[in-house]
């Protein structure tokens, strides 16, 4: 429940269109709702400007549907991350308007058209083709949170002229999300070119001492460029989320 | 064989209802029984107040059944942990009274109604919905060992008001088991609220640098709250066990 | 400020011996006091039954003294952990009644004779002579928190008859703290002998793949005995603290 | 050389007060200057809105002074990070206007009064007293880069009411920097309270499995709150820098 | 080709029963034979008293059969380790006399009855039932290399009286192989009881911070008993092999 | 597009056989081509003497085919690494001239007979039979890049006479690629025998503390021989590539 | 107290030269003696054929002297390991017959001339000059335990002909101790040459990814030669000890 | 002893100027010389084209001097690496012609003017000023081995135009050595620009998750550029050595 919904509800009470009792009941569910296996945090939209996002991994399809049913009456948008195709099919059969994004492994269910909230443009860059699924998770998240987004894929440092060719786009972005696996060098180079915050996302792409993305993560944390902050390995969602928070300022 | 059974047996001898020979044979099996692939520790009930618990992982269904058959004549309760559904089916077909708990991956076979042994209440908290299977392993163990138990799930620190809402329950508990994956922060916050021992259980829930639960484990061991002790990753059983030991004092 | 002090203060108000204004001023400091570099948590004695303990590492002597000065009017006992001899000398020159324990690297300042709070006896065992400093930190902490304590040192598993010789002491203890470095095997053996909670403390004693105590820590977390919970490497203080919490039940 | 300086210079040429030759010479040094052991990046102020910052570790005092001498004619502010007291004394004797901040181990040399560039307020929180040096590095950096800053120290999760007492300050901040060692739980809790970007800084405070700050780092990267991005262990400077970048948007 | 075969061949030459040419051809293959994907080391029996053992992992069934065919004319015994059931079936269909041991995942093909070579008895102990497959790999190896072997399984330290019950067997052994997973404590306890060499074998049994056997390995390397040397995780074969080498002295 | 192709094209323009417009269009694609999910780097052949190599892992068959279609008109040879049989079948059905090498998991598509570019001979040695797939990836790469190559497999240090038997071959090589898993000792021994550069390739062959090849990698980096440089675990391709670069000098 | 001393004492009783009372007092101390900070294990000579060895690290000079005073009346030889020069001086001033070996950091105090107990010869090989201190710890230990010992230093695999030059010595040894840092390859090569047990000792010599000896350790555990068992990093003492145990068989 | 010296000696014999006896004595020392603590490998110059290099770490000054004395009569150049100033002073006082390079911590003693052996130019690049000592170790080694060398320092990726400014130098080099700490990204970018072999040297410069250089090392091994091979952390010597080997081809 975001601030608009809250005001609407209070307006209804003021105008006598909603009984105090009913309003009270609705608001008493505002803080959170305990459905045994989850405490759904209805207050989050008010507090953080975006509803709780459902982390799909380790939850059964039934649990995910249950949480969504609890949220649906209160929220304009519901997102599920890290959900595989099989669970997704169950969810879609219950919420036919929900859309499954197979590369990004996300479900997005929108009840009301999105309002632009971000001020500038968020640009998502990926070092390789294999990093695209993570980049898309970031892109979809930032988009769902009401931002103008753009993307350039496969511009890793082994052929650095490919990156420089997009210099204009890079210079125009308010916030940059840079996604890279292997040696994770791209964020350092990009951050050295701009005076904007760069959110670096390491991916688990690679083998041997890529160590499931640890090498890219550590490289990004050790960047000799200073306008970089980092999120967890393969955490495109988190990158999109904080980029959206930054872009709202 | 617990102390009551032992006394009963000696009473039978004293009253002439059991021959010395038969009693002797029974007691000679008391220490342990060697069934080739296992030394079943019959003495454990006497020594530790609870019979040996069968660790299912790495054992065949046949081995598990064999050990249970050796224990069954002597024990009131038999527990098997970390057993999957397939092995479980074999075991149940042999011991139809045994109950399989699929989330917790445990089998519990009770021959006699449980006696309450714990004094206070043991409260199990979980940070997320995905941590519930581990939380339930703890819950079932503490319950099987004769304790009053209660649980609250999905009260992680990202929406900390959900936790504070249960303050009364938290204050009433004698021992608290706090189960969390990801950054493992919940035990620190809970322990800061109470003057009771907190058993922290890290779970392997998460991805990237959750490192299969190592991050949650290390965070819990580094807690700035001091009334915390920690068990192995996903070791709900161990948490329930030591909580029961503490609650008996 | 513990519960007794609080009641006393309220009694004074009730009897007119303390003005409401003065009482109010005192109580307004009850929650915590902000002295720039620290938020001293005066409320902790009430909430947790023992005042905040000052973690000496990374604090200057001046900061430690400042925090102690803020606490002194309210608390019966003040403890500082992980403080070296040099800083300790500064502290003692300001608080001459404070006692520095060089092996355990603790300062204890007692304003009022201790009251026994624990019910049973806490036994501290160490595997080797080199583990004694950590064992003593545990011992001093449990003692300071009002418990009967006893200790047996250097009874590691390489000569296991030394341990068995103390079986009676072991059987009598309510809570056992077992301190070991190197392979960290002692807690498993001890826990296998008793039906009491065992708090295991790994130490950084060893070399090569002792890995600064990680090996002992991991061994203890993997114990095949179930009545074990573990604290951080060399965290004698934490072990003593939670043992005291358990012993109060 | 920032944009103002550049325009001034061009104005001088336009007005005939500076010969084309001299201007050309000045501008030819604009890109960078090679002084054997360093390529001083004069272009950085233009490109990134802040001059190159000198990383003191591993450089001799002579090298640091040499780089500062190359920068001084072109820049309004020069910062040196990770410089110890001894090297600092050499630097100060050459640049008497430079100020050494011993806790943060930084030198700041300001040639011109700072202009506010940030829009909102940057709030720096620390979990413990021992984390203050890192927090101050962040504070000084954000301040030097032209931001309104504020700080609250020692509000860790073991006594969480201390944190909640500062809720108003927390709600007002545009960007939050949260500094914590040990289990690194504070950023998760803070981020759960606000809809602003949180920059989390792990510190190396702790012992045993704090692993020199790795545990706090990993915990922060695994936060169950999504509006968090993380910088390297003890990297207060980087946190202040990116917070300033965000606050300029 | 062992020393006996070599002498026999030379005898044949001496007695004129084998032409010099034929003997020369045979001996020219003695050093090794290059079959493209392998250099079969025929000299090993002479040099080390036991033929090359085929490491099955990462080899195709065809490659294994090829190597066996190259060895068969020269060796009395051929062993294949780490071979799964499927590959094993291929091998057995080609060498019907070969025997597959499913728990130990070994194939043993014996062309001639074994001669006892070891002097004393080799005793294999396992801490748990789940460690038996590794223990059996050790047992089968030592047996195949001509030693008297005996075994006791499931005598871990959580019920240490089970171990002490076998004291006589333990005291009689010349070499002891002690197999344990989890915290790996059994070798320390056993080694403390005897004046014989103990070969410790860590297993990957366990979960969480058992780290795939690293914890047991490190614990064994850090044993406070000194008559212990260690082999790789799950390397029952290596333990049996070096025990056999020791027992021949 | 390599230098020969470029010259041919310019020649066509010079001779009027190609319109300036068409040539311009062709050359404008020279730098790279953006096909949404990839920036194909056509400039690489010119810059590095060999076209971009397609890293198959994490790409769909469709993406691989798409990139190959973009490259095919410009390049004489196209290589795909780390591609499994299933994806390979899709690729081959589209490019019937492409050859799949199942052990090395590579596809090589040659449009024009190879020209020898390397000067000396590149020798590939493997320590074991199980290391052959990685060795073959190196061999095929070096061969495809125009070098004379030779190989000797299964000459590990446990029977070092097998290695010495190939001393002549070893002495004649210009560059040596040494592939080894487990303890990774072979490169040290080989490098000690020659005055040529040795490229060491660790493989993930082994178990327990082979740690997926980390042990072999670290051993090679710590070699007491100095004429060794190392590539990533299982990176036969990279070894072949840099060996080819060296052999061209 | 070894078996000879025990028999002598009983003989004295039998012959009436020692009163039963005095003998009883002596024997009652046989098991162990509790001197507060240590449980000295007098029974060890009887049980293990060699008295307890004092691990110097983490003990004060006073504690070491105290333990030695408790042992001196009962033992023919006392060894202290890992003792630095400063502590050593204190010990020598109390026990002037004790000898300090500075490279090996050992003290050996012999009360009675040594008797040869080992049957064959123990050979200690070191890969480099820097590994000699660890090699000497092994040598001195094996020597002190009554074995014929010999050594060859600096025969690492970078110049493998140096090793082969000592082939005769190598062939004659009963047990081989091979000490190596860096890549730890020497034990594999040596073990491939002999049919004797090889005890491998990794050292912490090296830098970078030698990881304080972990790389050498892991390499040795992964040896492709099978007659190898390994002790802890820098544990020359343990290697000498188990080699002596083996050589007694 | 290199090939020229050997031929000279044989010439002397041929011409009767050197007796067969004396020549024989000289040559018998050719293989190696055993001076107790070292087997000096005189054969190495012949075998590898450069004499043994003395690794200073872990050797006493006396041992280093002793080895140098054994080498001096046979070699034209003697190098000592990783030697600190104090040991260096001892060495210089014995060999006054030896030169100590304090940044690189090397001693070089040249008896005869160097002959150019390398064909092209070796270029050493460093990412930062703090990486210079390692870069200089590489430079001095390559120079001492008879190569034309050049260097560019402080051209890290945070200001990548500094690197591109040296494009001509980069294009002209035969072999490139790229030295970088922190995120270790420079080698990838450089290797993407050239068709020459790049030897990457990670340094231990950095803090936090630079992990003593492991992050830079892993990043380099995971480079998305393929013409890279890597040496150990801070191993400037090894990089210079293999670059010289490559440059001789």
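In this document, chain identifiers A, B, C, D, E, F, G and H correspond to the written order of the chains, with residue numbering beginning at 1 in each.
Keep in mind that, in the parts below, a residue touches a chain if its C-beta (ideal position, glycine included) is under 8 Å from a C-beta of that chain, and two chains touch if they have at least 3 such contacts.
Remember, it's a predicted structure, so these values are computed and weren't measured experimentally.
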{"item": "Intersection of contact partners for chain D and chain E", "value": "B, C"}
{"item": "Minimum number of chain-to-chain touching steps separating chain A from chain E", "value": "2"}
{"item": "Classification of the chain B:chain C interface as same or different, half of numbers criterion", "value": "same"}
{"item": "Greatest separation from chain E - chain, by CA centre", "value": "D"}
{"item": "Selected from G-H, B-C or A-H, interface repeating F-G by over half of its contact pairs", "value": "A-H"}
{"item": "Comparison of A-H and G-H (more C-beta pairs in contact)", "value": "A-H"}
{"item": "Intercentroid distance (Cα basis), chain G paired with chain E, Å", "value": "28"}
{"item": "Separation of chain A from chain G, taking each centre as the mean of its C-alpha atoms, in whole Å", "value": "61"}
{"item": "Chain centre separation (chain A, chain C; CA means) in Å", "value": "44"}
{"item": "Interchain centroid distance [CA atoms averaged], chain D/chain H, Å", "value": "39"}
{"item": "Sequence positions of chain E contacting 2 or more other chains", "value": "128, 158-159, 193, 208-210, 214, 217, 221-222, 232-233, 235"}
{"item": "Chain pairs in mutual contact under the definition given at the outset", "value": "A-B, A-D, A-F, A-H, B-C, B-D, B-E, C-D, C-E, C-G, D-H, E-F, E-G, F-G, F-H, G-H"}
{"item": "In the complex, chain B residues that touch chain A", "value": "128-132, 153-155, 158-159, 161-162, 165, 205, 207-210"}
{"item": "Chain H-touching residues of chain A, taken from the complex the two chains share", "value": "127-128, 156-160, 182-185, 188-189, 191-193, 206, 208-211, 214-225"}
{"item": "Of chain H, residues touching chain F in the complex", "value": "47-50, 53, 119-120, 174-175, 193-199, 217, 221-222, 226-233, 235, 237-239, 241-242, 245-249"}
{"item": "Complex contacts: residues of chain E adjacent to chain F", "value": "31-32, 36-39, 41, 43-44, 52, 55, 57-59, 63, 67, 82, 202, 204, 212-214, 217, 232-235"}
